[in-house]
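Got a structure for you, questions after.
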Amino acid sequence: MKEQFEPNVVAFLCNWCSYAGADLAGTSRVQYQPNVNIIRVMCSGRVNPLFVINALQQGADGVLISGCHPGDCHYIEGNFYARRRFGLMKELLDYVGVDPRRFNMSWVSASEGNKWKDVVEEVVEKAKEAGPFEQFRRNKINW
Amino acid sequence: MVDLEKLKSIAKETVSRDDVKYLIGWRQGTYGFRVSPHFVEKPEEAEELIFSPLCTNNLASYLVLPEKLPLPRGVEPDSRKVALMVKGCDSRAVVQQIVEQGIKRDEIIVIGCPCEGVIDLEKVEERFPNQLESVTAQWSNGKIIFHLPEGNEEIPKEEVLATKCLTCRYPNPVLSDLMLGDEVETWGDEKYEDVKELEAKDPQERWSFWEEAFSSCVRCYSCRNVCPMCYCEDCILDRLNPTWINRSNNASENTAFHLARAFHLAGRCIECGECERVCPAGIPLTKLNRKLSKVVQENYEYIPGIDPESKPFQSSYRPEDQEDFIL
Amino acid sequence: MKENGNPYKPEIATVEDTWYETYGERSIKTFKVVLDDEKARENWGHRPGQCAMIGLLGVGESMISISCSPTEGNFLRFSVLRLGKVTGALHELEPGDKMTVRGPYGNSFPVDDWKGKKILTIGGGIGQAPLRPIVEYVRANRDEYEDLTLIYGARTSEDLVFKSEFEALGKQDDINCHLSIDIEEEGWPHYVGFVPSLLMEVNPSPENTIAITCGPPIMIRFVLENLKKLNFADEQIYTTLENRMKCGIGKCGRCNVGGLYVCKDGPVFSYATLKDVPEAFA
Amino acid sequence: MNNKPKIGVYVCHCGINIAKTVDVDAVAEFASHLPNVKVSREYSYMCSDPGQLLIKEDIKNEGLNRVVVASCSPRMHELTFRKTLAEAELNPYYLEMANIREQCSWVHEDREKATEKAKKLVAAAVYKARLLEPLQENEVGVEPATLIIGGGIAGIQAALDIANAGFKVYLVEKTPSVGGRMSQLDKTFPTLDCSACILTPKMVDVGSHPNIELLTYSEVEDISGYIGNFDIKVRKKARYVDMDKCTGCGICAEECRLTGRISSEYEVGMGNRAAIYLPFPQAVPAKYTIDPERCLFLTRGKCGKSPKCVDACAPGAIDFEQKDEIVEFKVGAIIVATGFDVFDASRKPEFGYNDYENVITSLELERLVAASGPTEGNIIIGKGRKGEKKKKKDRETFTPKEIAFISCVGSRDETVGNEYCSRVCCMYTAKLAHLLLEKIPDANVRVYYMDVRAFGKGFEEFYDRVRREGVRYIRGNPSEVFKRGDKLVIKAENTLTSTPIEDEVDLVVLAVGLEPRQDAREVIDLLRLSQSGDRFFMEAHPKLAPVDTATDGVFLAGCSQGPKDIPDTVAQAKGAASSALGPLSSGKVMIQAQIAHVDEATCRGCGFCVETCPYTAIELVTVNRVGHMVSVAKVNEALCKGCGACTAACLSGSIQQRSFMDEQILPQIAVLGGM
Amino acid sequence: MDTKKLSKDKLGEFVAVLAKQNKLYIPQKEGENLKFKPLSGDQEELDFPRITTVPPKDVFFPQTETLYRFEQGGTDISFPKEEEEAVVLGIRPCDARAMAIMDSLFSWDIDDPYFLNKREKTTLIGLACLEPGVNCFCTSVGGGPASTEGLDILLTDLGEDYLLQVLTEKGGKIKLSVEELLEEAAEDDLDTAEKLVKEATSKIGRSINTDGIQEKLPELWESPLWKNLSNSCLGCGICTFLCPTCHCFDIQDEMEGLEGRRCRVWDSCMFEEYTLHASGHNPRPSRRERLRNRINHKYSYFVQNFGKIACVGCGRCIDLCPVNIDVLDILSQVVKEAI
């Protein structure tokens, strides 16, 4: 039997809402798939859009950016910038033919442990459907 | 139609001013249909200036290109103004450079050249192959007249114009200190048909299209160097620490490079098409940039390079920006 | 591909000892290094003035002067100024760590031709690194050379490299040692001022003397001027050039000054060769 | 000096919390092979004293210079372990945590997968730890003084609270007297206290408090600096009256050639004053001021033979030579209490305010019903058209009987750009209706309303009372007011019964809403404040930081932040005061360590970061780069909050957020993406 | 000299045989870009363009080439495999001369095995250039439409057939492997070829007299010429990356997770970083110095070191420079310039 493809999703979470939301999911012992690996940043506004490209290059099958809901940003407006930047990035990736299921963004507040679980499940499911990312992965350089 | 004599006299007058370093315009190139940027420092050099359908180069790049060489102690930097000839599209580059503080409005003198569209060199060279002797050209009622050694050739504009010109919305400079000649009538309407065409294809096709395009890139970075908006002091493409893009030429790095550059130009690219024009590998770069221009225009109602007072696109937001893609 | 005869193939070497010469943002650290491969160690045989490409796998390579004389033993010494990616990473090395080394590259000081002459070295800052092998070489063959005069300066006493060595040399009778710093400091017993002025102060006679200078470009320019004032002939003056280089073997381009390749034709040049080469002192 | 990173990795069991699902030994063993890892250990409770001791001893004995703790969320124990490092004399920012509990062991069941994930997370932390830099948390001293801009009830209250706590206050008020809008009101809802009675004592206190320096008739010219250390420049406008000499007797005003010929701001056009004036009788300070725009001497250089005021003033207080004066001082905190403007009713021309004398605004009515007002509390209304020049004696007046209020004028109205509710109009309408009935008992009063919002304490009761008193409430938004014969006709639709109305009345009172001040821009520019959608000043957080602003040390009070009534204003003023007292009383503030810094050599000066920074912590400055003056970004470390938005905005990566630099995050991506 | 004829009908077979025994490089399209690539099998139609955008130097001196691989932290270094036997088919004489020029550099004092091994294992089958392009000037720099320098076999298009001239031993070996596809060449085939080449030569419209340029260039070091010319230069790498004789490279370490390689990648003297010292000092700080170096290197320094001009007159840099910086124009200005 073919082994089930386990996608590898790199996620960038803002410290104040989404990371806290993911922590809450933990304290509430909500169970979800282990395929999402989190990089903590202070604000979703910190996430350099080129990180997405880089993550795909470096072997991620999917990328997730998560921040506070609009209006709730700990830094007032960081998530508004993020929203604009990643709105563009989403379009760009889609346009060059990268499966749109690979790139996701979410708003998860500190109280939304369950939503975090749902986001993870959805993102992992989508990445599974999309399959291993090979389009412009930095391949193990063959000479 | 630009009156060449007027152009020359304005240019002479301009470069005679004490506070002007030089004037950047165009002159006939060394052969065929080629045209070269022309730096006029002395009045007599103005004689060579031209403005014609051959003047494709966007000279705004030269406002930000000169290296700032170390000055010995006590030597003052040359703060004289630079005069610049601009077509409609070029003027948008100037505006955007002002928005991004790459230049200051009072450091430049902008000589606006209402433009009826410039040629696509490839199309013209295909039509008149192996043309060694220099050729001049002019606009005339929707046609371009080429003055070839063997006689004049009139060709309908649509057949030889650069693609960007076919949909040009700003043939008249949006910013200028003085205008050469009368404004021309606007003909273009930007519907981003080329982008839509590609959008309509399925993802696999889109990827094959870009994969092939990106793979053929030789990473000469000409597209970046010519771009009037790409003038970072230390471009991430050149950076080693951290390394964003490896130097090696392969599908991965090339794609990352193109996506990164396209992204950096989102909301800044003024669609002059220079990147695509210069690319020796013939990569349809504007198709990439224009996708983001389309998104920026349609989803965010922003058009760069129009209003010198506007805020940089990626450094601003509207509370109502789209977010239907967010989970 | 055969490894043998592959000029890009580095040797693996072990850092035996390291210490800081100077501290701060742009610190200078010296590495005493031994090649792992015994054969390679024996075949190494560098001459004073030569340099080597040292590096770290995964980081990169940098051309560095070999700052010891072959007479000192079967090891190598590099003094590295921390500037960028590679030199920054090299600075993290500690005894026991590995680095890559290839070389030796470049020509060398014509120490044999200089036999029987007076030797004058004029160094500034990190520029003393390529001069040190001459000093050591002459010391090891002391009776084959006449006077040995060292002029060396840095911005402050903190920026002097090989300080303790200089202190020891200063006490030796057969060596004239002149140190300087640019800015006045309390307790500094030596000269205060720029190296070119110290040179005038020392006022060496050009007779039967070879002057070798190395340091920042601006210093070199003034030293050359002053040596001319002191009536040194072009052929009596030597300097080394440090242009960016990548291959070290005359292929990759970039290090040329005019038609000369610094990595092959240099880094040691006599002023007689250089003075007409365009961009040599650019 | 960059030392070779020597990393200690500490994998915590957290009892069984982690160890149950993650093979802690395997993770520690795995970590020991990662680059630069010198020691790798597991322990049952890393956060316990012995756990921390383990780290401290390793730092000492093994010469560790970076620490990775793989345990719970950094939101939980980052500070704990930072302290551990500090106690071992290692810079606390050499710490990186891997969250293998909340985001691993607690949320996954599959032991193998959880262990794999934990390894990845630890590896990412190690790769980042290799590149960590030591950071310094700086402390800045706080100037024990506060600037309060605006001397309405909000400013007054905040000033008193801070001054009473023993700190110096500079209260800057634009007009010649403190008091603000509240001083113009007659009674206040719902309790009907007399506004002057409760306000005046506070005004007097402010005027005489030893800790308060009152700067009336003054404007802030410049503010620079940051929390704890603001430099303030205030322009004290020339009053042309020597404050020390003026006794406030008012003889000058009686003598002034223009007495009664200048419309009084305080009376909102309902009364007049002279060119030298006291805004209102209870004004604080009780000193006269010459209106430089109207005074004959000041505008024409001549006032009769000699200015009458000069002649009349026995103490010789009048001084036409007086000049504006600039006062400079330092403060540690700033409270903005600049209040509001009432909506300009002429922007709703359909209500006839521009045309008819018997269409008035609520604020005008406040003055009319006030016993101290121009009509001594009598409701005397003009009959004519506005703008008609009539001699005073020819002016026809009457006492209205049929009176209608139109509520929400300029509020909840998209056509004038104000979508918000002004929060006080419903209640002051009820109040004024009540007061009118008191004055004209046989009057018929009705109120055209959209909704009645009686949400405050005692509000609903008051509203009921007024209705019981006979005030009719008609739900309908009038579309037009016009004159028919002697009467005004209100055209409306009763939206409850869907019947059209044409109502003939004698007086229409427009319940105008509250708007941001016309001159708010000045304050915004001074302090680089943000505005929310309603154009009032924006608080840092609508729920959790309602008196704070994006700028540390700058607080908001009163209607400058949004419409509110007096109790809310006072409450917020007290909130702002206590917020300001925080740093003042501790005497120092800590500056974030994980803030942005600029690589001047590569910065292009495009200003993208400047535009992006939510805290206006970045500005462009000119520096000399090899002889050329170029502009580059500069981070004000005291203002930067370390969000990193600038870092993502910078195209060339020239501004980097410390601890979250691109070069630190990229290896994390490499590990998490690739291993 | 061994001279044969290959009927165009047999070209397909010819290619098939070559491809079977060797790695066969022929000009192919990649996007809009023309370059020599290994025949991948599904090549529909053989078409030899006048010139490829990317010169065939790419075959021997790939834009990215791994020198060796390693593991991070480790000390084991592994080197690439032995080169395969290869054939480059359809290379133009100018490009072939360029390889001969590069040979001098890559075997200068120290041999560069990466380049030379590939050269050794590769046979160049050239195609005489009967339709020169507008900017061709090979004849000015020692070449010609049928120059044989660097080639192992020269093909000349006679219309129905190719004339096949074996030039070297390596060429002979290849010839043997395709012997049965070849016919004997007739005497007049040679004449036709010669005539065609002559015609082609006469069609070359541009030229320059390079006599004395080597010595003159350094003398014009401070001439304002350089500033004027470089004003419009973008400092892009087109003229050098795509020049068949330009050979500068950079060496970079690249990582993929914990594995990495040290590789060399094309570099260009027109780039600012090319000579930039880590200290920030740059001996060639502006486009003026860089352009000057490019011209000097090709027409003076290289001549000084190797006795030949490092330019084969392919005209690529003129064709492709986006701002019409034209070497012939530069050289003619140099010739004209008074010292």
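Structure notes:
So that you can tell them apart, the chains are marked A, B, C, D and E in the order they are listed, and the count of residues begins at 1 in each.
As a working rule, a contact is a pair of C-beta atoms (placed from the backbone, for glycine too) under 8 Å apart; a residue touches a chain by one contact, two chains touch by 3 or more.
Since this is a predicted model, take the numbers as computed values, not measurements.
Common neighbours of chain B and chain C, listed by label, are D, E. Annotation of chain C and chain D: jointly contacted by B, E, touch as defined at the top.
Taking the mean of C-alpha positions as each chain's centre, the chain lying farthest from the centre of chain C is D.
If each chain is reduced to the centroid of its CA atoms, chain C and chain E end up 39 Å from each other.
In whole angstrom, the spacing between the mean C-alpha positions of chain A and chain C is 52.
Chain D and chain E have Cα centroids separated by 69 Å. Distance between chain A and chain E, defined via averaged C-alpha coordinates, is recorded as 46 Å. The set of chain E residues touching two or more other chains comprises 72-73, 80-81, 250, 252, 254-257. Contact with two or more other chains is made by residues 69-70, 236, 241, 244, 246, 248, 250, 314-316, 319 of chain B. Shared contact sites, meaning residues of chain C that touch two or more other chains, fall at 84. Of all residues in chain A, only 8, 10, 15, 19-20, 22-23, 25-27, 29-34, 37-43, 45-49, 51, 54-60, 71, 74-78, 81-82, 85, 117 touch chain D in the complex they form. Every residue of chain E that touches chain B in the complex is listed here, in rising order: 30-33, 35, 53-54, 63-64, 133-135, 205-206, 228, 231-232, 234-238, 241-242, 250, 252, 254, 263, 265-266, 268, 271-273, 285-287, 318, 320, 322-326, 328-329.
Within the complex formed with chain C, the chain B residues making contact are 240-241. Listed in rising order, the residues of chain B touching chain D in the complex are 68-73, 75, 77, 100-102, 231-236, 239, 241-242, 244, 264, 311-312, 314-316, 319. Across the interface of their complex, chain E is touched by residues 1-3, 5-10, 12, 36, 55, 57-61, 83-84, 87, 98, 217, 242-244, 246-247, 249-254, 256-259, 264, 278-279, 282 of chain C.
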